[in-house]
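Take a look at the structures listed below.
In the two complexes below, chain A is the common chain; its partner is chain B in one and chain C in the other.
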Partner chain A sequence: MIAAADLASSYELVIIGGGPAGLAAAALAARAGVSTVLFDENPGVGGQIYRAITSTPVADRAVLGQDYWDGAALADEAKASGALIVNGATVWSLDRQRLVGVSVGGKARMIEADRVIIATGSQERPFPIPGWTLPGVMTAGAAQTALKAQGLVVDGRTVMAGSGPLLWLLAAQTLRAGGTIDAILDTTPRRNWLQAMFHLPDFALSPYFAKGLALLREVRAKVPVHRVDTMEAVGNDRVREVVFSGAGGTRRLPVDLLLLHQGVVPNVNLANAAGVAHVWNDRQLCFVPVLDADFGSSVPGIAVAGDGAGIAGGTAAAERGRIAAIAAVRALKPDAVVPDTQAIRQRLQREEMGRAFLDWLNRPADSFRMPEGDTIACRCEEVTAKQVRDTAKMGCEGPNQMKAFLRCGMGPCQGRLCGLTVTELIAAERKTSPDEVGYYRLRPPVKPITLAELASLPISEAERKAVER
Partner chain B sequence: MTRTADVVIIGGGIHGCSTALHLALRGLKPILIEKDYAGRHASGVNAGGVRQLARDLHEIPLSISSMDIWERIEELVGDDCGFESHGTVLVAESEAELAGFRERVDDLNLRGFGHEELIDAAELRRLVPAVSDRCPGGVVSRRDGAADPFRTTQAFRRRAVEKGAEVVEGVTVTGLSRNGATWQVETSAGIFEAPKIVNAAGAWADRIAAMLGEPVPLAVVAPMLMVTSRLPAFIQPVVILRGRKLSFKQLGNGTVVIGGGHLATPWRDSNETVLDWHKLAISARTVWELFPAMHEATVVRAWAGIEAYMPDGIPVVGRSSTSEGVFHQFGFSTHGFQLGPGTGAVMAELIATGSTNTPIDGLRIERFSTKDP
Partner chain C sequence: MFKRLAEKGPAIAITVDGRKVTARVGDTVAAALLAAGIDHCRTTPVTGAPRAPYCLMGVCFDCLVTVDGVGSRQGCLIPVREGMKVETQLGRREAGR
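== the complex of A and B ==
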């Protein structure tokens, strides 16, 4: 285990996040002779998609599927490359001068980097329905984390609800692992097909087409699927039932566990705090960093690779990581031998081909992104959709002013669970675009650190002198 | 299209907004021009301390007149601004430091100011039970307190508009020119005309002063703050130190705001700041020593607001030395929030009547002029 004291004060390349993008980038850069450190928050590498790839107790390879086990090669490659891989390392700050604040084992360090690749991936899109804060309501991603890392399979009456490929993947993995699912509530708006259809030919050529169809067939054979337009988690102390309505009228199902998921969005917090410019992507309904062809951001020396650059999936993330790493190597070691980016770009393009279809098909309905009334928008500070809407109507023009009025986004999650909701609610009320409204200006630490950790930063020479005097 | 007003105020911080409100209350028509939005910078993101304690002699009268307004703030702006008065305590960390504080308090008393009061170890412990045992005493200013800075700035802005001021946001001043007795303020949204101008442009005020041919040695600074997650209530007054840099305050919601003047690197052209975590770590260690209860507190956010610092650490308040009809109100040097309400009232009085009874002579811009000592 690497400790904070073992870290050098600077590295040529710092990579943040040990998912496919980070692992592929680290392997390539280290092999080219660049001094590379990869910081990953989890006990083992893999990110979300390959979580616990080196330690999962799920031995039957069919449960998590071949795509999951492909991650093992990436992890092996990174470990063999000579890159320093530090697990249990929380990066809580990055600024435009590429100073990286990181905590390992309760001790903080500031590390200088010539180049930085942010590979912090994606997070699940907030799913603010009535009752989504009740105990017993979780995200599908959280359930998948428990399955991969601990081999835990859902128990009791379980309903999965939402849209997007990951929902169906988790359903299939759960069934294969011996779990049961009482129902799937499909929230995909029917009219999404109108837009998505134009992109069906491309999708049909992408590797996801056959996989997706097989997954749907596998799950639908075992679980009843209901198409729904509204949905509510009901219960006092915990969720007791899920109430939903669709073409067949209103129905109620008793549940012990309701798993919500409506796609993933880039995790923008670290890039945003570092001053990286972002722009609204209307197809994916989220903010994405503004990047050049090598995934370089608006801040010199900082690149964003993987799903953090816009959602494209795990295989594409690795290719993006390689392209970003090649750009870093070329800047740092112009004479080093690097792979041909042309071939990588072609592979990336193939991976991204079917994305338009998936994006258009799985765009969540307005009502599941922009709630009404007493539905909680900000969980940390318990701010309701109505409060946000009313404050916007009163004249509040953006999420940063909203923070000051309602404290939304000021809790420990730093806006991860309300940022998009608040931006879209303001845009709706003020009849403007989310791009115009903008996002929270995020402040470090992007992950909370204790005062003790902060106090553990090594004392500088100047400070020691000041104390002695 | 040219728009006209009685006064054009440049800058929508607490000072510009306060002056706008007080001018409107006097029946004048001000237009306030703000390059971002009201309270975007230091006025909206400062520590919120409302403090008379430990002020420079030249600004004590302004500070006292401000305090009178703070105590009836809701009456003035229609919002209590989150103002709570639990005093500010300056903690002495040694007997030698306490002796220095005694001299200062004696000197203030001789000058007729009684707001600072020396306290012994027992009274310090009564006011701040959580403070480390080794602190021998301190100074308290009992009327002091704290408020919510953005809410306060917005409240002044809102009430100013209700009383007839116009606030134009997202508009940058690009030039100043004069046509007889009328000033023309050129902006990114056309020309504004008025016989009088107030320069309340904070960290950007030197650029306005330079347009008038009176350059000032203004430093752009960004004092850093950090806030913790919620803790059980354990301290009411604002606590500050003299020897080491610290201000420390627990808000009503349980979060603790830690500041004290360690500086970030400001980038005023892009509205950005880059934090210095090594200096925040110094604050963390100071808090650690002073308040053992804080060891496991979690820092959830750190930030810095961009503002102006003058070489002598006190603001520029009063008439321009070169340009008839222009008034300065800037350079509050990291302690301008408390002064906002009172300074706005004094500026409005000065503009409307030509003079003020509040002594502000020590704050004139001439002190930075090499030609005119």
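== the complex of A and C ==
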């Protein structure tokens, strides 16, 4: 285990996040001779897609599938490259001068970086239905994490609900692991096909086409699938039932575990707090950083690679990480030998080919993104959709003002689970665009740290003298 | 809600609210709670509603627990250690009673 005391006070390149983008970037930069450190919050590298790739107890490789195991090569490459990889490291601050605040093992350090690559990836899009805060309701990604990292498979009456490739992948992995799924509730709006169809030819050429069809066949053969327009988790102390309606009327199913998923969105907190400009992406219905062709952001020296740059999947994330790393190497060590960017860009383009189809097809319905009534929008401060809507109607123009009225976004998750919902609710009520409304202005620390951690920061003699009388 | 594929890896003994719970190497605190069938880990500060781990990837903060005396730790990010003392958390109103 690497401790805070083992860290240098500066590195040429600091990479934040040990998923495919971060691992690929670290391997490339370190091999080119750049002093590189990678900070990752989890106990092991892999990010979410390759979660626990070096330690998973799931021995049967068919369960998680070849695409998962492909991640092992990335982890190996990064490890062999000479990059310093620090797990259990929480980055809680990054500023425009590329000063990185990080905590390792309860001790904090401020690290200077010439270049920074933010590779903090994505998170699941909020899925604010009635009852989504009840114990027994989790995200599909959570169940997948438990399967990959701890070999935990769903038990009892299980329903998966939502849309998007991850939902079907988790269903297939669960079945292969011997788990049972009572039903899948498909929330994909039928009319999405109208837009998606235009992009079907591109998708048919992408690597995801055949994989997607095979997954659907595998799962549909074993699990009943219902098309639904409304959905509610019901229970008092925990979820007991899921109530849903579709063309066949209203139905109820008893559940022990309800797994929700409606796609993933960039995890913007760190980039936003560092002052990186973001823009609304209407196809992916989320904010994405404004980036150049090398994934450089609006803040000099800070790049955003991987799904944090806009959702494109794990393989694309690795290619993006390489492109960002090459830009960093060229800036730091102009004479270093780096791989051919053109070949990487071509591979990336191929990976991104089917994205428009997937995005349009799986675009969640308005009712599953912008709830009504007493449905909770902000989980931490328990603020309802109605409160947000009413406050917007009263004249509140944006999410930052909304904090002052309702405290939404001010709890421990710092808006991660309500940011998009609150922005879209305000936009809907004020009949304007999410881009116009904007997002929470985030500030460090973007992850909670204790006073003891802050107090553990090394202080120079000059700094000590500055406050002495 | 969850069962283990195989009871593999060395067992690790932790306590949850004083009760003995057997975890496995590779478990996070949140995973150990789920595997033990403990389906809530805190109550909320506003209404006192029960919450359980939701995202297991460090973004939702619903799995906050007290670990070895330090409150509001993210259970999904902390690996279990032998002898670890985990306590479920009460929301502010209940804690103030």
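Observations on the structure shown:
Heads up, the rule we're going with is that the second predicted complex is superposed on the first by the 464 of 469 C-alpha atoms of A that agree within 3 Å, B and C clash if a C-alpha of one lies under 4 Å from a C-alpha of the other, contacts with A are read in each partner's own complex, and residues count from 1 in each chain.
Following the convention adopted for this analysis, a contact is a pair of C-beta atoms (placed from the backbone, for glycine too) under 8 Å apart; a residue touches a chain by one contact, two chains touch by 3 or more.
Not measured: the values here are computed from a predicted model.
After superposition onto chain A, the partners chain B and chain C occupy separate space and fit alongside each other. Residue contacts after overlaying the shared chain place A:Lys333 against neither chain B nor chain C.
In the superposition on chain A, contact of A:Ala404 is made with chain B only, not with chain C.
Judged by the touch definition given at the top, the superposed model places A:Met110 against chain B, while chain C stays out of reach. By the touch criterion defined above, A:Arg347 reaches neither chain B nor chain C.
Looking at the shared chain after the overlay, A:Leu457 reaches chain B, while chain C stays out of its contact range. Once the two complexes are overlaid on the shared chain, A:Lys79 sits clear of chain B and of chain C alike. Contact with chain B, but none with chain C, is seen for A:Pro444 once the two complexes are overlaid on the shared chain. The partner of chain A that touches more of its residues, comparing chain B with chain C, is C.
In the overlay built on the shared chain, the residue A:Asp95 is in contact with chain B alone; chain C does not reach it.
Contacts of A:Arg240 after superposition: neither chain B nor chain C is touched.
No C-alpha atom of chain B lies closer than 5 Å to one of chain C in the superposed arrangement. 411-412, 448, 450 are the residues of chain A that lie in the contact sets of both chain B and chain C, per the superposition on chain A. Chain C meets chain A in the complex at residues 1-6, 8-9, 24, 26-28, 31, 34-35, 39-40, 44, 46-47, 49-62, 64, 70, 72, 76-77, 79. Here chain B touches chain A in the complex through residues 37, 39, 44, 148, 150-151, 154, 228-229, 253, 272, 274-275, 277-278, 280-282, 284-285, 287-288, 294-303, going by the rule given at the top.
By the touch rule above, chain A contacts chain C in their complex via residues 41-43, 48, 52, 55, 57-58, 88, 90, 123-124, 133-139, 141-143, 145-146, 149-156, 177-178, 237-238, 256-257, 267, 379-382, 411-413, 416-417, 448, 450. For chain A in complex with chain B, the touching residues are 93, 95-97, 99, 101, 108, 110, 275, 397, 401, 404-405, 407, 410-412, 414, 443-445, 448-452, 454-457, 460, 463.
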